[in-house]
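To keep things simple, chains are lettered A, B, C and D as they appear, and every chain counts its residues starting from 1.
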Amino acid sequence: MENRKVIIIGGGPAGIEAAYNLALNNCSVTVLEKEAHIGGNINNIVKLFPSFVSADEIHENFSQKSQHENIKLYTNTDITQLFFENDLWHAKDASGETYTADALLLSTGFKTFDARFKEELGYGIYSGVITSVELEAMFKEGKITTPEGKIPQRIAFLNCVGSRDEKVGNHYCSRVCCINAVKQSISIKELLPDTEVFCFYMDIRMAGQFYEELYRKSQEKHNVNYIRGRISEAAATIDNRVQIKCEDTLNQLPMKMTVDLLVLMVGTEASDGTTNLGEQVGVKGEYGFAKSLNLHGADNLTIKKGLFLAGSCKRPLTLPETMADSRAAAFEILNYLNQN
Amino acid sequence: MKNWGFTISTSRTIDMDKADLKTYNKITEKVPSAKRCLMCGACSATCAAHNHTSFNFRKCHLSFRRGQFENLAEELDKCMLCGKCKLVCPRGVNTRAIIFNMRIFLNDLNYKKISL
Amino acid sequence: MGKQYWKDYQKQIADDDYFYERSCIRQTFFPGSETAFLKMMREVLGKNIVDDTNLHTCTGIGFYSGVVQLDTTMTIVARLFALMTDSGLKNFVPSCVTSFGLINEVVDIWKHFPEELDKARRFLKEATGREFEIPENVAHPSDIIYKNRKALKEKMKYQLVNKKTGKPLQVVEHIGCHYSKIFPDHVVGSAEFPQVLAGMIDEWGGKVIDYPERRHCCGFGFRQYLVMANRGYSIANSKKKFESMQAYEPDFIVSNCPGCSMFMDKWQYTIAEMEDITYDKNKQGIPVLTYEEMAGMLLGYNPWELGFQLHQIQVEPLLDKIGIAYNAEEKYIGKSGMMLKTPEKPLNIIS
Amino acid sequence: MKFNLFVIPFILGALILFAIIIYKYIRWIKSVDRKQEYFIRKNIFTFKTIRAIGEIIREALIHNKIYKKNPLLGYMHMSLAFGWFLLIVVGMIESSLSSGTLFKEPWLGIFFNYFITTPHGFHMADTLSFIMDLLLLIILSGVMLALIKRMRARFMGMKKTTKHHLYDRLALTSLWFIFPLRLLAESTTSAIHDNGSFLTGSIGNLISGLPVQAMELPLWWAYSMALFFFFVSLPFSRYMHIPTEVVHIFLKNWGVTVGEQYSGYSDIQINSCSRCGICIDPCQLNYACDITNVQSVYFIRDTRYNTLKDEVANNCLMCGRCSESCPVGLDLTMLRQQLRNKQEIPGKLYYNFIKKDNAIETTDVIYFAGCMTHLTPKIIISMKKIFKSAGINYWFMDEENGVCCGRPLRQQGFVQQSKDLVSKNLRIITESGAKLLVTSCPICYKSFKDEYTLSIPVMHHSEYIEQLVMQKKLKLNKTTIKTVYHDPCELGRGANIYDQPRNVLNKFTSLIPSESEREDSLCCGGSLSNTLIELSQQIKIRDNALEELTKHNPDVLITACPLCKKSFIHGNKAKVMDLAEIIADNIITDLNNNTTSSKVNKAELVLN
């Protein structure tokens, strides 16, 4: 196992999947995770679209993979500095501890958009306005309630919060929110069949296997209403519910609605780790995501020797895409190690 | 000509073969961002005039784009130019500029000539 | 395989022994047509067809405009069937497509609701003391002509061909909605490919124009044209068709529906009056024929016998194209031999 | 009679000049509007006139303001204007002394050395000719500087200098020639008659070797011609500002202001622009977006030569930074607004759709949030809290179905439409019988103040909050938050509200200064008055402002305008709060004392 050392920054799906595949090909892998647990954003999810597989299963599977003898896992390790010196990659964490290896994989993933930048939507102002992440947390609890702890009669989802929005500088589509909204609306209807669910959208983008089917199911089976119009203002009513304003564009008429919960489908942005480290090693691209050498053919390579990318640190990706991508990354790293 | 007691009703079809799609280009020359509009309706939803009347900026913009100018000028006069629409637009469209350029091209308004 | 598939679009049309039901409006607007039909049935094809003098309306127009209620309608239809039964026939041939639609509808109702049939029998019995059988076969005259198009062709003096150029005439065919759309499977070629008129035209040397609005309604919705307020909408539909067919420079329009023929003929004049638009090069309008007139014309019947002089759009230019001889002086001589009144604008509909 | 043919060009030029100027003045003064005429009549025979004369000497001759802004530039203007003025005056004295009478040939002073060749002929002759030479020297130094400025603007501490018009070039060149030629002419004369002082005299001696006899007349001719060309081109060139500025200063001192509509006074203002180009540098469109043809100097030039394009008239943030820096004190923003004037259908009411029957509550205080504030709900909530804890009973006028104040329309030149809206709001305000109107939006505030005829005082919430705090109606937590305050254009330069918000902030936060604040605070780019720039350009302006404001990395960036807040918050460089918000968060209510302050810290944790 001489000079087959690999450092992986980020113990999310991308990191672990790559680590495991490298470990199988007898590399000694060091996974550095800044949180206390591996799994990254998976930890905030209950069920996965479109299959509704329990996230715990996936998580369980990851933690098994991370047990592999060739994998050294360091949690609570926040890497602040990266540099390449005499053919070795060095990663220094906050405490000054340095890790070295022949190759380095950046799998620092994404974070969700801070909805408070869209003040007009009232997030952080009206308690009835929550983000998709907070809703998912409610699913974990197993009960959806209004701020007053009542059962919501009406829930509205708003797509494209922090994505496709020039005002906050994110021109791109986050790709996962549409289907996520469908998933969440179905989960709500399964928990609270009598609750009305409305989904406000600019475009519904169901470009994935079984996505369209799930969309249909939400309409046919669960009677979720889809309204084409972007909510532009939210305000609190006297009884502390949320009143939303939009145009029912297909009807060409203004629309007003009072809901118990307004769920903002917050888009994905590059995580701070991605942006900072990416900037340090000169692979920072558009919107702070890490930039691969070539989208077609060399998507895991970078301009830097021995530095590789995997998963949603490059762009918004779904879980299956991420895992496939990190397996590809593992393969690229093996090629690299074999050449040296 | 006889009085028939009725006239041939005109079709409500937007005939893209006959419609005047050129004039809209004049708008996009002046306001390039107009092209970016994806008709999400955020503007019309937040519109201050919208609280009082049926005025619908998005609709006006679309009609103009499709060359449907019928009583558009009167509609556009309802705008108070307050600019809320511009603030909520996700595509950063310069809505106010579109509005009064539309007015100008509908010959509803022009700059006063001041003799110096 | 294709042929196999086409079978589904065929229709059972009785061979002989028909009971003919005349149409209310056709007798006024196209009086020559029905006569011509009977004539060619008997003389050319040698079929047995009964033209009963005790006929009366089928109330289709009343029924579909929602002013005559169902029970009445069924009873009246029942009486028509009684007349057929009396003359010992089983094949019903309604001249009007609305009758055709209604007859089919009533028969169908009776199929699904026998109690309604009993009711109708009872009513008829009580009212007239008559009894009736449901026809075995209901066919529209256009079906029958379609069926016999080849036989007719043999006897024809002319073809749908421009005498000068030798090119086939451009023909617009229009099927009545009540013929093709109420019971599509009772239609030659169903509603998708109504073949009934196209078949004749192709057979007789013409060329069918397949223009964008070919399947569009002529606008003769009873509730539309009967109410003056709605008439603008009604005519707008015909206009849409004309605008769409104009580019193909049709030589004439043929229809199997009294309303359609009448409308397309008269509305052309109305549009010309209102908007000063005509839809043929010579500003004389596009002649509109019924299928019987078309057949009769080609068989060499006298145009004035066929009643062409009563058309709004003058037919002479068409006759000239085909090279059919006619005597212009006799145009307005009525059956009685008396001179009819000549219309204001005989030829050019644009004043 | 001391006469020579070469005097004719000068006399001719002078006559033409005066004729044109007089004609223009009469036309302009005739077409001032009613209000302006009233002020002229009212104040013409008052102390104000004397004050005006003072200002004329200070500004038109000595160019005090320019001097303060940029001493070198100031000296240049001063040397030319004041120097020349003295040259004429002293010339007059000199000539009258020599001829011993006041009724002498009017051109004598101008061509003195040519006609009076007896050097020591009269009392004080030497001293005077010495002064004359000294003045000439000063002027020449000014001309030198002008030449250098033309060639290298940076040397004069200016980033950009004005691009000029044809007339200007003609006048400018002739102006440059006048004094060197005068120098040469006098020198040659003194070479012949030895009647020059230290400058002309010594140059005379140097050139005495040359065929001075032959040179003398041509040079005097040239000098006179230069004067002619200058005089004739002056009224059509930017140098028209020299005479016009004088009139402008008088009118200004008499209290004449630029009105809603274009008037004679607007003409006077436009002609008073010397096109010094000082307004170019402070314009953010210029240095943040690299738009270089719309600045006030060009806007006025185009207007004057009737070549104004909508693209120029509309492309302005109306932030007022140019007016602030204008040495002549022109009301550039207002002029622009006048030139944006749109044709309208007379008497047409555009906003009839606005229902009259919205419920009007009668209270002491009306709160008018403003359209934009509805997109920053935090401000509204904070204001509600402030009113509540100060125990004010108020009516939230535009909570539902608010009507725009009308200023955005007016800024685009839709005056009539705007008035329509004004009347609608005015009705509501008066019927409510309130004693005070409080608004959260500086745009509305300026509108209420300047464009409405309100019988009751109107306050921006920053003013109002200060009042409440001073009256101890609001008690605030002492915090350690490091704040920086951004002056919104309409509130600061627009309405002179600089201290009130700062006083409040100083009371309970540590307010740090920013690079450019108060009068020269920057625009956030969110301005409603510019309908041409695209989002990308707005963002450049915003970032330019943000950079300055966050230089000393404050915890919170405080502003007092919903538009500024929106722009800055999307900049995502620092935590942004409205004044009302930070106040509301730190009010000490007797019930819950610490929760409020802890809320702030929590919020900070999340954001930073």
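Definition applied: a contact is a pair of C-beta atoms (placed from the backbone, for glycine too) under 8 Å apart; a residue touches a chain by one contact, two chains touch by 3 or more.
Everything numeric here is computed off the predicted structure, so don't read it as measured data.
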| item | value |
| --- | --- |
| Given chain A and chain B, the chains that contact each of them | D |
| Remotest chain, chain D as reference, centres from CA atoms | C |
| Centrality ranking, top chain (CA atoms only) | B |
| Result of counting contacting C-beta pairs for B-C and B-D, higher pair | B-D |
| Cα-centroid distance, chain A relative to chain C, in whole angstrom | 68 |
| Separation of chain B from chain D, taking each centre as the mean of its C-alpha atoms, in whole Å | 37 |
| Inter-chain centre distance, chain B versus chain C - centres from mean C-alpha coordinates, in Å | 49 |
| Whole-Å gap between the CA centroids of chain C and chain D | 85 |
| Multi-partner residues of chain C (at least 2 other chains) | none |
| Sites on chain B at which at least two other chains make contact | 46, 87-88, 92 |
| Chain A, residues touching no fewer than two other chains | 120, 166-167, 233 |
| Interchain contacts (touch definition) - all pairs | A-B, A-D, B-C, B-D |
| Interface residues, chain A side, partner chain B - complex | 120, 160, 164-167, 202-203, 228-233, 245-249, 252-255 |
| Residue ranges of chain B touching chain D (in the complex, touch as defined) | 32-33, 46, 48-49, 51-53, 55, 77-78, 80-84, 87-88, 92, 94, 96-97, 100, 109-112, 114, 116 |
| Sites on chain C touched by chain B in the complex | 228-229, 231-233, 235-236, 239-240, 270-271, 273-275 |
| In the complex with chain A, residue positions of chain D that touch it | 374-378, 381, 535, 566, 569-570, 572, 603, 606-607 |
| Residues on chain A engaged by chain D in the complex (per definition of touch) | 114, 116-117, 119-120, 122, 124-126, 166-169, 233-235 |
